[in-house]
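Common to both upcoming complexes is chain A, partnered first by chain B, then by chain C.
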Partner chain A sequence: MQSKLRNLVIAVLLGLTSLPLVVMLISLLLDTVTTTRPGSLVPDRFTLDAWQFLWSAPPGRPSIWITTFNTIVFAGCSTLLLLAVSSTAGYALARLNVPFRKFFLAGVLVMHAFPTVTLIIAIFLILQMIGLYNHIGGVILAKTALDLPLGIWIMKGFYDTVPWEIEMAGVQDGASRFTVWRKLVLPQIKPGLMALGIFSVISGWSEYILPQVLAPRNDVQVLSVYLAALINNDTHFDFHVFKAVGLFYALPIFVIYLFFQNKLMTIYGGGTKG
Partner chain B sequence: MSASARLGLVMLAPSLVIVALLFLAPVILTGVFSFTTMTTGTGISASGAYQIDDVAAGTLRSQGVPAEILDRLSAELFAIDDTTLAAARQAGAAEALVSELATGHHGESFPTRLAFERFLKSLSARPATTRDLKAASAPFRRSIVNTRYESRETFLAALDSLDLRLDPATTAKIEDTAYTGWRWTTANYTRMLSSAESFYRPLRTVLYVGATVALFNVGFALVLAITTFFLPSRTAAAMRALWLLPRILPPVLHVLLWKWLAWDNGFLSTVLAPFGVASRNWLLDNSVNAWIFVILINGFVGASMGMIIFSSAVRAIPVTLFYASATDGASTLQQVRHVILPQLRWPILFVTCYQTLSLLASFEYILLSTNGRPGTSTEVWALAAYHTALSNYTGNLEYGLGAALAIVLVVIGLIASTAYLRLFNFATLVPPPRIEQ
Partner chain C sequence: MSIRLEHFTKRFGGFVAVPDMNLAVEEGEMLALLGPSGCGKTTTLFAISGILKADGGRIWIGERDVTDLPAQKRNVGVVFQSYALYPHMTAHENIAFPLKLRGIDKAAIDKSVRELARLLEIETLLERRPANMSGGQQQRVALARALIRRPDVLLLDEPLANLDARLRLEMRSEIRRIQRETHTTSILVTHDQVEAMSMCDRIAILDKGEVIQVATPSQMYAQPANRFVASFLGSPPIAYLDAKADTQGMRLTCADVLVPWPVGVGAVEPGSPISVGVRPEAFGPAFPVRLPGRIAAVESHGREMLYAVDLAGGSRLRAIGSGLGQLDQGEPVEWGIDPMKLLIFDRDEVRL
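Let's turn to the complex of A and B:
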């Protein structure tokens, strides 16, 4: 009896605090396909008007499909690069007798806790100096660099769980350490690559500040910058359109969320930013 | 060096290059840039040009350069003397014109190009076309105002040709002021310290970080973790999944939804209208509301990390402790206070440290929602650095000053993250390799 009352209190408390979240998410779905009269929240008519951006670009804006393509390139390449670089570096730090190993590991941890967004001004100037400003390659490099300490640390953690016996057996059979890594160890850490990959795709897809600062030009624009520019433009202020673009933009994120919820719980509890 | 060390270095190399170029170099360069006058105006390349214009003349006046020198520096003067006549001959001016000027008008001068060209047209050997007129007048110009000199030597030679007989100190002042490139300075730091905003920005930053961490990242995260612990597991999982969403949602979309909630024809205004509350933009109508939304927006995102970490810490507490305390008659609240919270000391410390540091430097959600408004009442330190160096209404981006603002955060970040390394026991995390080969 007492525990029922307690659960009721808890449910009411959580329900109330979660209300804004639920209201916002429902409106995100509803408002993109309906219209509402001013002063009311109840939809009165079904329409696809808000989705016009899919077939005709608003004046002065790039096509949504080019922007989507850029976003795929940005999130995809930074993920692949991050996976490649941190899976090799993670192994070297976890299992090989690298000189200054402790120093490198400490460096990775310090950089992992370090708030990287403070470096944006210097990165902006560096990319201008080396000619990668307004270039998708420049943002990809910057994104990878800033996520790298986290990536290396996560991969090192997964390598640490691989039994030494597997490697020792490989070395005993005459394989080089490189072969052992590629043929025996790498298959063991697939879950780690998966987790880091999911994290990196979400993080790249959501990233706003880096592309906004480092590659704002129309032809290299990504969806986050596109949507932010749309919202900042006062002349066509229409939440139905904003939400439609927003829903289109976040669709891949929702899909990942539906399929990998449990994995995400572990990833986002693991000390990532924010 | 052993084979494994060599392989290790090869495998590390790509990450070392990337980290050096886009992590270590930015840390150092933020410090270097903070001692320069770099702006959009000076550009970022190492060589600048020299030019005297109205702004430079004003600066020189305030530095106490005598008025007669300034008048000469900023005068558009056309003079007929031996030097200019020789220059005109060399430039290929008609001999008839040059000799007429040399014999009849030697020593005359004219304050503007217009006056000189009008005079030229009155001569008997006047140039036939407008183009010839322009070509003929150019060599007689004895002025450096509004002319861009690409190197120091050409500028000094031009300055010398004015026959001002400047002393070295004044020459140095003029040269310094005329330089359009960036140079070394400590002025960014004095400006940063003396500005009135530098008093409020740290306070705002403390309010932003403190309130968000205390209320949401730790406070509400604890509420979520402990309440869901007592709920049936499926409800609890759904609740946690719901609260993970804001963390996954792209920031631009997350803030868009909050803007809709707060807009003058959005959710809050519409819901409150029947109660006689005037519709308004709740996000920006006054600074208190702006702050509430800034903390809510950041807090909803930040609660998830604490929630997940605290949840697993609570679940790790042996169930027997709960049974034992329940047998002793402890209420749920007493269990929370005396069983759960003591076990969460380290997770709470970890989340507090971690989130304090990342919030300190983060400005993404504020940038997207209030952008520092109303006025500058929600402009925290990191956002001020961003506005100064990367985005403002005037369009003159002050890279140097922005870097000085950023270096404060960089230094705090470096000190804090190194301190965390000691606090959370680094040595246990790095056991040495077990194959020597």
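Let's turn to the complex of A and C:
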């Protein structure tokens, strides 16, 4: 009885505190398909004007689909690259007798805590020097590099949970060290790869500073930059369009999060149980 | 195939785990490496398997010097204490893995997996994953995986340590049966003397990285090389009485009794201190050299009774047997020791 009462109290409190969020979400949705007269709170007309960006690019702006494609390429490639490097480097740091292992481990930790924004000017200069400024490849490289310390550290944590005996058994069975890693160890840390991958996709999708600084040109723009340009446009500012694009931009993240939230939790749990 | 270690040395940093070991295992034999934890037995095993590199000496398998060969090329099967089955593979895939690596075609692999599964009585488990198997079943799968490529040598690292008491008994004879049927030269690492004695042809007893004695179980029990070996073998363990050598025999310190020398014990300088090892079966009401004492502890083993007796001089002896009668703690007794079965050690703990 008492626990029921307590649950009720908790539910009411949670409901009250989340109410503003719900109201905001609903008004966001409504605003993208309606117009409201100035001074009024109640919408008066249904319209799809705000969603026009989907089929016709406004003058001087890139098409939303090119931008979306760029965003997918950006998030996808940086994720693949991150997974490839983290899974190998994490293994090397966890299991192989590499020279300077301690130094690399400490370096990874320090880099992990380093405020990356301070590096952006250096990265800008480097990319310009090697000709990757305003190139999607350049941002991908920068993004991956900055995410690597976290990725390597997480993967190392997962590798540490795989028993040594499994590797010994593999070697004894006649497998090379690479086969042991590929066929025996990697399958054990699948939940970790999965979680890191989702984490990286979400992070790449929402990345703003790097593409804004390193690849602002129209044909390589990503959605976050596109969205920011809308709000910076002083001559032609439209809140409804801004909200519609924002919704379009956020939707995939919602979906990913809804489907994969369990997997994502393993990163923070750190165990191998998926 | 036979295994030979010649002056094998292994160091971990500054710590010398195995200083200089010589050991030979005959073809088809099962040898136990027995010793307390930290005595270097697992180190030796892993050096033979190739997982650890020897720091000195040579290792021979048959006529092949494998000292510098990597583990992959030694053709040694290992059963790990934790079984180390691959959790994402079924039993069938686990057992097939070593053959798959060699690029043998699927049908042939399947045939030999099923053949071996029949020998190990795990045919019904082949589609299961390790998580869905009991400890004993995992053990059999691990054994099958080690045997599938017909290894020259089979190495078992405490294979029974993770099993419960009943399964341990069953697997003891199972491992022995399979080892005999496949005629594979094997080394078993264990700290359990019962396992070593019941499963193996010969035992090599290790202490601090050195081989103390290599002998058959019964030889080692009856004629231990020194006090360490005598103490390690036998349950309940051997007990010791202090004594001094005399011309006619040994004079026990605790009771001032003269015990004649057992047969085969050489001349000892009169007056030198010795210690007399009394196994539980050499102490009881029926033996001639009487020693007064008091029952200190009673343990019923069902078929047999185990008594600990505190002697008047302060030492404690143990007796085990079914004909000892029902006695209570604190009761005075005057039992004897069997002078023919005593083990005599000099002051350096070497058996005389």
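Keep this in mind: the second predicted complex is superposed on the first by the 238 of 274 C-alpha atoms of A that agree within 3 Å, B and C clash if a C-alpha of one lies under 4 Å from a C-alpha of the other, contacts with A are read in each partner's own complex, and residues count from 1 in each chain.
Here is the rule we go by: a contact is a pair of C-beta atoms (placed from the backbone, for glycine too) under 8 Å apart; a residue touches a chain by one contact, two chains touch by 3 or more.
Model, not experiment: these values are computed from the prediction.
**Q** Just checking: does A:S176 make contact with chain B only, chain C only, both, or neither of them? Give me first, second, both or neither.
**A** both
**Q** Answer with first, second, both or neither: which of chain B and chain C does A:M168 touch in the superposed model?
**A** Both chain B and chain C are touched by A:M168.
**Q** State whether A:V213 touches chain B only (first), chain C only (second), both chains, or neither.
**A** It touches chain B, and chain C stays clear.
**Q** If you stack the two complexes on chain A, which partner ends up touching A:L184: first (chain B), second (chain C), both, or neither?
**A** second
**Q** State whether A:Q128 touches chain B only (first), chain C only (second), both chains, or neither.
**A** In the superposition, A:Q128 contacts chain B only.
**Q** Is chain A touched at more residues by chain B or by chain C?
**A** Between chain B and chain C, the winner on chain A residue contacts is B.
**Q** In the superposed arrangement, which partner chain does A:L8 touch: chain B (first), chain C (second), both, or neither?
**A** neither
**Q** Let me test your reading of the model: by the given contact rule, A:L109 touches which partner, first (chain B), second (chain C), both or neither?
**A** First partner only, chain B.
**Q** Residue by residue on chain A, keep only those touching chain B in one complex and chain C in the other, then list them.
**A** Touching chain B and chain C on chain A: residues 168, 171, 176.
**Q** Which chain B residues qualify as touching chain A in the complex?
**A** These residues of chain B touch chain A: 1-5, 7-9, 11-12, 14-15, 18-19, 21-23, 25-27, 29-30, 33, 38, 44, 220, 223-224, 227-228, 230-232, 235, 239-253, 256-261, 263, 265-267, 270-271, 273, 296, 300-302, 304-305, 308-309, 312, 332, 350, 354, 357-358, 360-364, 367-368, 382, 385-386, 389-391, 399, 402-403, 406, 409-410, 413-414, 416-418, 420-421, 426, 429-430, 432-437.
**Q** Give every residue of chain C touching chain A within the complex, in rising order.
**A** Interface residues on chain C, with respect to chain A: 46, 49-51, 70-72, 76-78, 80-88, 97-98, 101-102, 145-146, 149.
**Q** Looking at the complex, which residues from chain A come into contact with chain C?
**A** 163, 165-166, 168-176, 179, 184, 187-188
**Q** With touch defined as at the start, can you tell me which chain A residues reach chain B in the complex?
**A** 3, 6-7, 10-11, 13-14, 17-18, 20-25, 27-28, 38-41, 84-86, 88-89, 91-99, 101-102, 104-106, 109-126, 128-129, 141-142, 144-146, 148-149, 152, 164, 167-168, 171, 176-178, 202, 205-206, 208-209, 213, 224, 227-228, 231, 239, 242-243, 246, 249-250, 253, 256-257, 261, 264-266, 268-269, 271-274
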